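Sharing a structure with you now.
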Amino acid sequence: MIVGKVVGSLFSTRKSEKLVGNKFMIVEPVTSMDGAGDRLIAIDIIGAGIGEYVLVAQGSAARVGCDMADAPVDAAIVGIIDEGQDWSK
Amino acid sequence: MIVGKVVGSLFSTRKSEKLVGNKFMIVEPVTSMDGAGDRLIAIDIIGAGIGEYVLVAQGSAARVGCDMADAPVDAAIVGIIDEGQDWSK
Amino acid sequence: MIVGKVVGSLFSTRKSEKLVGNKFMIVEPVTSMDGAGDRLIAIDIIGAGIGEYVLVAQGSAARVGCDMADAPVDAAIVGIIDEGQDWSK
Amino acid sequence: MIVGKVVGSLFSTRKSEKLVGNKFMIVEPVTSMDGAGDRLIAIDIIGAGIGEYVLVAQGSAARVGCDMADAPVDAAIVGIIDEGQDWSK
Amino acid sequence: MIVGKVVGSLFSTRKSEKLVGNKFMIVEPVTSMDGAGDRLIAIDIIGAGIGEYVLVAQGSAARVGCDMADAPVDAAIVGIIDEGQDWSK
């Protein structure tokens, strides 16, 4: 998994029907993390807000691990990181 | 998932029979996104046009999530991004 | 998937018995594509020749999508790109 | 797999219920290894401590191979490297 | 798959019990190959020696394709490349 910051969201009206009802968040991996700065789109099963630091699972884990085994999803926010740690560096 | 721009398509007459009937689109991830500028080929289950910004799922999600579990597909356009957001930067 | 050029082949006499009978082609992703220049080894289920531009599927798609679900294969040539497009740039 | 050094841990109170009970370790791949310096978050099924060098499995291996097939996990510490080898260079 | 050179091995006494009995080899992808120079750890089902050039499968292929579907393994040596080809450049 990686730690990223939620920096936005996006909307897609015309999409796979299996994706209907999901929120698509734009996540930017923090500086120290694999893929730093290279944003990705993750569904959000936790309810994260803009600016929060989150734990993102990628690959089949996002799909199978979030009870969406049949959906075209390859990244998911699976946790919100507790405050108190400085991820900016 | 990543956001990319559809920049073209390609044709393959001699291909796996499991791929027959699919459209192959050339997608370029936008600047802020993971894999920026590094194009990939995705099947299109939505009907995206050249120049549109799309949501691309990769890995087993593209195959299993698009009802093509037995096909050699590792990337798929699964949504068209609504207009109104500037992806050029 | 990515588009690459077949630049060679290789031979492995001592290998997993599940790989017996396969051809191993050396594929170089074209300049515009993800992984440009970084060669990979793909099995060939189509019959591509040296110098041809091909469509390569990676990950579980190569294995499951090419009827080799039990073999240690993570990349496969699944189509030959029709002529007429300039992939050199 | 890759070899990394455990450099910290993180806490997530609001997370997928399938992740409850797991420890999340921050692992930094060693210099010679794929992904050198780019940290990732792995669950720990072995009991590694800060400063130890560990073997990390990624992708579906972390999930399926650690008896967590239904959890959103894409990286796991699956071994602690024996002392005696210099991983600092 | 990629071609790499076996440059060493490692030992892990405290590890997942599903990994017991495996050899862990340190493989360095050759210069022309994807991931050049970035070492990874692969199990060895063939019996490769230090200095040999090998074919490495990654991802679920390593696990499922090597009859270790339940083990936390994401890379495996699945063939030894025949001599006669120069991989040093």
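To keep things simple, chains are lettered A, B, C, D and E as they appear, and every chain counts its residues starting from 1.
Criterion: contacts are C-beta pairs under 8 Å (C-beta built on N, C-alpha and C of every residue); 3 or more make two chains touch, one makes a residue touch a chain.
Please read these numbers as outputs of a predicted model, since none were measured by experiment.
Visitor: Between chain E and chain D, is it the same set of residue numbers doing the touching on each side, over half shared, or a different set?
Guide: At the contact between chain D and chain E, which are copies of one sequence, the residues are largely different (under half shared).
Visitor: Averaging only over C-alpha atoms, locate the centres of chain A and chain E and give their separation in whole Å.
Guide: That pair's centroid distance is 31 Å.
Visitor: Which whole number of Å gives the spacing of the CA centres of chain B and chain C?
Guide: Each chain reduced to its C-alpha mean, chain B and chain C end up 19 Å apart.
Visitor: Among all residues of chain A, which ones touch two or more of the remaining chains?
Guide: Counting only residues that touch two or more other chains, chain A contributes 35, 59-60, 62.
Visitor: Since the chains close into one ring, what order do they take if you set off from chain C toward chain E?
Guide: C, E, D, A, B
Visitor: Which residues of chain C touch chain E once you look at their complex with the stated criterion?
Guide: 10-16, 18-19, 24, 35, 38-42, 59-60, 62-63, 69-75
Visitor: Spell out the part of chain C that touches chain B in their complex, as residue ranges.
Guide: Chain C residues touching chain B: 1-3, 32-36, 45-47, 55, 57-62, 64-66, 76, 78-82, 85.
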